[in-house]
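Each of the two complexes below includes chain A, the first together with chain B, the second together with chain C.
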Partner chain A sequence: MINLRERGAFHIFFSGLFKRKRYSKYQQTNQNVYSEKLSSIDHFPLYPDLSMNIQVLQQMFHHAPDLVIRHFEFAGKGTKAVLVYVDGLTDKNSISNNVLSALMQSSFDPKKGLPTTVGDVEDVHSWISIEHALFAGDSALFIQGETKAFLLDTKGWPQRAIDDPKLETSLKGAHQGFVETGSQNVAMLRRYIPNRELIIKELTVGVRGKSKVFIVYLGDVASEEVLQELEDRIKQIQMDVIINTGELSELIEDNPYSPFPQFILTERPDAAASQILQGRFAVIVDRSPSVLIAPVTVMSFLQSIDDYSTRWLAASLIRLLRFFAFMITLFLPSTYVAIISYNYEVIPLKLFLSIAESRVVVPFPPIIEALLMEVTIEMMREAGVRLPAPIGQTVGIVGGIVIGQAAVQAGIVSNIMVIIVSATAIGSFIIPSYDMGTAIRMLRFPMMLLAVMFGSTGIMIGAMTLIAHLISLESLGTPYASPLAPFRFADMKDSFIRFPLWKMITRPKSVRTIQSNRQGKPKR
Partner chain B sequence: MSRKIGVCLLILVMILSGCMDATPIEEVSVSLILGLDLDEEDNLLVYMSSPIFSKEAKDKEEVYEVKSYTLRHSREKFDARVIGLTSGSKTQLFLVGKRLLKKKDWFDYLDPFFRDPKNTVTARVVAVDGSVAEVIFNKPADKPRLSLYLTSLIDAAAKRNIVKETTLQDFHSQMEDKGRTAWITQIKKKKRIELTGSALLAQSGQYKITITPEENQLLNILEGKKKGDYSITIPVSMESASKGKPYISFSISDLKVKKKVKFNGRFVFDINVDLQISISEQLFPFDVQKDYAKLEKSITNELENETNQLIQKIQKSQIDPLGLGLYARAYTYQEWKKVEENWGNTLAKSKINIHVKTKIKGIGTSNHQ
Partner chain C sequence: MKKYTHNEITILQYIFLIVGTQMGVGFLSLPRVVAEKGGTDGWMGIIIGWILSVASSIIMVKTAKKFPNDTLYDLLIRFFGKILGKVAIFIILGYTLSFSLIIFINTFLYIKAWFLPNTPDYLIVMLFSIPVLFIVRNGLRVIGRYNELIFYMTMWLPVVLLFPLKDGSFLNLLPLFKVGWKSISATLPPVIYSFLGFELVFFFYPFLKKKQYAIHGIIIANTLSMFFYLFVTISCFVFFSPDSITDFNQPVLSMLKVIEFPFIERLDVVILNILILFSSRSWILYMYCTVFSFSQLMNKQDHSLYVPVLLGLLVIGTFFVQPTWMQVTTWQKWASNAGIAVAYVFPVFLWIYSWGYEKFSRRRFS
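Up next is the complex of A and B:
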């Protein structure tokens, strides 16, 4: 009776009844205020008179010391002009060599176009596009007598060099990670898939700061339906600014109340390219170094790019090890708590005696002991992540001494518990995806509570609830637990065991690709 | 709305159900050894030995003896004495004193082990030649906890086939089945604790005879048990043997036993034993490679002789540890049905023929000439 009610409630808690409510009222009001202001500026036309234009500009960009307004005259007739750009977002070399020096040495003829050596030149007629372009690093050129402005591509903002991916290290993969510039990230993907079917769809997200968002996919492979869904969801977003891909991912998730991540965020171009080749979509958000991969299955979180460059037997073994670690992280502490509080019959006698001997000095019940240790290790992990590397090591050493030695000697925790907790922590770090690792690390706490309340029955209840939840989850409308439920035999080739590459001819069915075979059937 | 109800329900269930009967492992007093015996006035004595985990305690175990009416009744008495909650879920050994063994129907006392699923049925049933107190209060200084020590002693001996290891579950089926009788380990406290072979019980559970470790090996062979090692030493009666010490030892590498039964006025059993042996010790000059047939014949004779003696001993006691009754029931049911209530007696009157075939498969790495 209790079990039934329990399970029902949990199911409700996790899935069905939490409906999607994505955008808060706060964001809506903000947007309204801003758009009113926008439209008021948009009433102004672009004047033929330079000084009027400058007045409008100064009204628009008050308190913007980095806005540079440069007056100059063309050679020849001496037409007056003003070049406007934001200092810091532009390439100074390009401005002085390709724009200013070129313009000042030639005369202006409205019929011929601009005598500049900049690659991309665009005419615009509205102040809003000028504003966006200036903040994107373009410079705007106003010329006396013209009712339009010219936007010149002089982008050149502070950038980081392309570097090793920090979060996802790999042994044999490339040593290039995505950077904060969207166009560079797109270029990196192009290098992996130099094919004209590689389609890059550009969208903008954000009301205050327009972020460019690129959806990258293979046009002749990826599913139209899924693309439509992805686009719709991205277009619906009405945030001020998207700072990171993580925010985008939270806003377009299928089930934001689920503990499980429903998209992969990767900073590896090779991993992203490999996913695109399987028929998935990569979403690049400008200004963010992580790229979102969708749709994914729960299996994808346990795959690593190294698996494909390692020999398949070894790779399969490592993959099985990951699944084992997944289970360990999720169930080991709770199973231990359940066994030593309720079901001690199942422990072999010698283990029973050694557990009891180490437990007898501990003044706390098993669950308190377990929570104490698990919370300590979570704190240590978090401290280690946030601190700079040299101090982070100190945390490791101090923590190691505290939980490894002192706590046991002081009789606060038992030896066995230290082993359980460290096995759990190590297990969670084996999982290649940080998000998935975090999810299951979090889930082990409710599992432990269930274990202490209902013993092994509680663990079963928890496991069943999780399975039910995983089955009900979707990623962009495709089943999340895919090769297992719905069971797809062909997809199993790249799940628990990685089959040899020449055996994996088809793309994953869960992605609903148009072309199911990978190009040029590899023959052996 | 229903979401909120769901969450409230969840919280309520968590609080209300309150399964707070969890008992941490160290607060349980598990009776690793349980003993049953009778005192001089035939009162039931129950013994219990449970481990102590505290480092402050000097002894590793606490052992108690209580007088009680039944096994379950003794639990309250133990609870009044031991440190934690008594539990029979990890019992390793079940000792039965000789005095109790000689009574009929002592098996009835074991009822809680088969009724209450929290109790284990994998405890080993051990007959104590003497009183249980002698064994259970023993604290050998050079050994681990008595329970661990006795358990591994019996397990190891059973691997060598010198005693029969019988768990409570096996014992239950041996006792309930009319076609066979029980066969359990026997232990004795001499200077130290020693395994003295196996005790054979009657259908009623009453003690009948003790067989030595050597006889236990033979009985295991007749039963057809392949697991574990056999190391058999027998005298050989050959000309050449008298020149040295006339003993030969061998191990059994393969063993096939076929039992057949027919009824012609009385039950006739044929037990065909096919042995493949390798010699592990030979203390007299003899060329086995040349004259192996002679040696095989001699061993066969000796084995047949010894097993026949053993069978006669068993028949005389009117017991059936081999389970020949099972064969009688399977193949000659009509005749069996008439005598099933009195099987021991019937078996004593039956004819049991043992035919041994021996083949020497190995003589080791040196051939002593």
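Up next is the complex of A and C:
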């Protein structure tokens, strides 16, 4: 049994915390000023007199033109009341039909409750909760003579329609992607796992902009220890606001100095649901369309949800291809440099001659040639990413001409180098995870430097260092290189080769699930 | 009281740790060394060496079993008292350190001779220290995972040795027992040297999760190494003629030179690079044991501080002293003798002592 509170995990975790500590001083002062202001508001009670309440409101929300304060009277006795909401965060239909029209046509009786047709109604007694609710899209109702306010659920902020995920295109899976509203994302997961064991834990992160964070997992499957660790880390975050899930993932990962991503960020609900079913945790951050999956292993980054709906033989072949592409991207340019500058005796004579023939006009040493081309292709890729589609194509065409033809004809690079650079680029596109692709794209540069300094020995040492790093890396305290080291035969069924689904009866051991069998039955 | 619960290793990791320590770079020249003493009957020496090492390992595990949560340090302090125990641990520390250095320098010399003849020594040592630093400072569990992974990654190595066998002749091995038992037993010292590594079981034992399989594990590990050595030696004997094998310094490499694929012309160059991976297990483990004993001598729980210090000293050392093949061969001879003392004499002594110690202390307490 691997213990979470092991010294190694602690060490890495605290070195991770170190980065946060440096900023925490700045945040501390910020937080103090803000919380002082908050507490001064909280000193005011909720008055029975309407006009006093309005005064406090106006003091709280100065310079807020989108705050609507609507005075009206109930029918019957004519009780005065005020409805307050933020324009733009609320649903206008709901306010006029379900709230205003309903209230104005009936009389108010404190014993009976509100005569409204809104679903969720809540009584509050503090100004802070009113503030939070208003910004979350609720409307607040103040009634003459009451020392409390009613919060009515009228949420309706501008949001995107659910459409195809942009970064992870789906071949055979669902074409729904996560959106920017946390509650909708939770609902999408619920659609896939309609089970009462699907547990949704709500936390709040951020001092200024309280982002809702939901941890979604299977209560009777996922490991208690890992959940505790995940919750602890999220609770320790001290930030003004979390804008995107990527920020959250950097703040809670085990080793922030590692080049490798330690969590999966996905925008596909089917992928997230599949991971939850394997016993992992999904962390949904409100306002962000990507969902964090933890804990993961290095193998998870080479898997795609489409693998499970493709025939298993084809899926296995594609898995192997990905692994091969991983190796190609990482080692091909450096191997080329090492072979050309040091170990040319390794390759057959004829191949060596054809390489020499194409290199004879090139005026640079191999490493300069390689760096030149690799940097060019990285620049082109980065240029293409952020350009609108029509211009992006132009970049592709220009790049194709520069890389494919002109550079070779001008004698700056050799044909072989062009092949190697293109193979590397295509290899990095095959990796399903963008983060992992970026990591290995970055790592091939130090590998090239090692190759030019020490030849094939340098590559070997580089590979050893990577292995050493991968096996000591952990994701939420679980081993990152899991099915390989520590070796777990059962987990190998879903790694290089995807076994047929009926053979994969156990959940991954690296996640340390309570219930190891996938069908929810004990193992025979 | 269990001190090492956070660093437990599985039985497979335990096996691979021992296998990893036993296999360094020695197997490259083993067929030649064995053939010099015992001719083509030399491979029988390997089997005798295996029997001896298994016997000694069993004695070690039996001793360690009596105090299952003691590391070698705790054990020696318990047996011999504070001062004598510390002296003993200091000697063990010197032993593991010198072994680690010898294997390290041996690998380094191969790499220097084959690939980087013009690169300064200290630069190569510095390069080698990077992964070592990453692994050794992490404790036995990560080292266990490393050994496990390298074992699986290098499992195909013996298969490659099958390729040249189609040109060999099995008649080279016959007749059996042509040199007599005396010559066969003369091969023992080098063979015993190749089996060294199992003595570190004293360091691994307290970390082992399922202690009831400790004896099975160590026998499996020794047998795996034995099969590997036997396979390498016999395939060299089959490939080379009985008279010419002693002419090659590293017959295994010379044999690999013959192999040629349509896409790789010189497989020996590739294999020699993989050798870094292969032998790194051995020197990393000895280095870990050194640093671990040192931190215990210093009464510190955390050994990771001493790793960069040791590696830094190594880099500075090679800046001033450039080791050569001749020196390493001499050191190896001394180390081999020390190894016989530590791995064969010391365990037997410790076992008898522990037996007496138990009797004595039981009488005292009752």
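Everything that follows uses one rule, which is that the second predicted complex is superposed on the first by the 495 of 524 C-alpha atoms of A that agree within 3 Å, B and C clash if a C-alpha of one lies under 4 Å from a C-alpha of the other, contacts with A are read in each partner's own complex, and residues count from 1 in each chain.
One rule holds in what follows: a contact is a pair of C-beta atoms (placed from the backbone, for glycine too) under 8 Å apart; a residue touches a chain by one contact, two chains touch by 3 or more.
If you're wondering where the values come from, they're calculated on a predicted model, not measured in any experiment.
Return first, second, both or neither, reflecting whether A:L349 touches chain B, chain C, both chains, or no partner chain.
Both chain B and chain C are touched by A:L349.
Applying the touch criterion given at the start, work out whether A:V56 contacts chain B, chain C, both or neither, answering first, second, both or neither.
After superposing on A, A:V56 lies clear of both chain B and chain C.
Check the residue A:V124 against both partner chains and state whether it touches chain B (first), chain C (second), both, or neither.
In the superposed model, A:V124 contacts neither chain B nor chain C.
Quick one: is A:I467 in contact with chain B, with chain C, with both, or with neither? Answer first, second, both or neither.
The second partner, chain C, only.
Please indicate which partner A:F454 is in contact with in the superposed arrangement: first for chain B, second for chain C, both, or neither.
Touch status of A:F454: both partners.
So, does A:P486 touch the first partner chain B, the second partner chain C, both, or neither?
second
Looking at A:V361 after the superposition, I want to know if it touches chain B, chain C, both of them or none. Which is it: first, second, both, neither?
first
Based on the A-chain superposition described above, do chain B and chain C contact any of the same residues on chain A, and if so which?
2, 5-6, 8, 342, 345, 347, 349, 454-455
Which part of chain A faces chain B closely enough to touch in the complex?
Residues in contact with chain B: 2, 5-6, 8-10, 12-13, 17-19, 340-342, 344-345, 347, 349-350, 352-353, 355-357, 359-361, 365-366, 449, 452-455.
Touching chain C in the complex: which residues of chain A?
Touching chain C: residues 1-3, 5-8, 342-343, 345-349, 351, 450, 454-461, 463-465, 467-469, 471-472, 479, 481, 484-487 of chain A.
Which residues of chain C touch chain A in their complex?
5-8, 10, 12-13, 111, 115-116, 119, 124, 127-128, 130-131, 134-135, 138-139, 141-142, 144-146, 148-150, 152, 262-266, 269-270, 273-274, 276-277, 280, 301-302
List the residues on chain B that touch chain A in their complex, please.
Contacts found on chain B: 2-3, 6-7, 9-10, 13-14, 17-19, 22-26, 28, 30, 32, 51, 53-55, 89-90, 92, 118, 120, 145, 148, 151.
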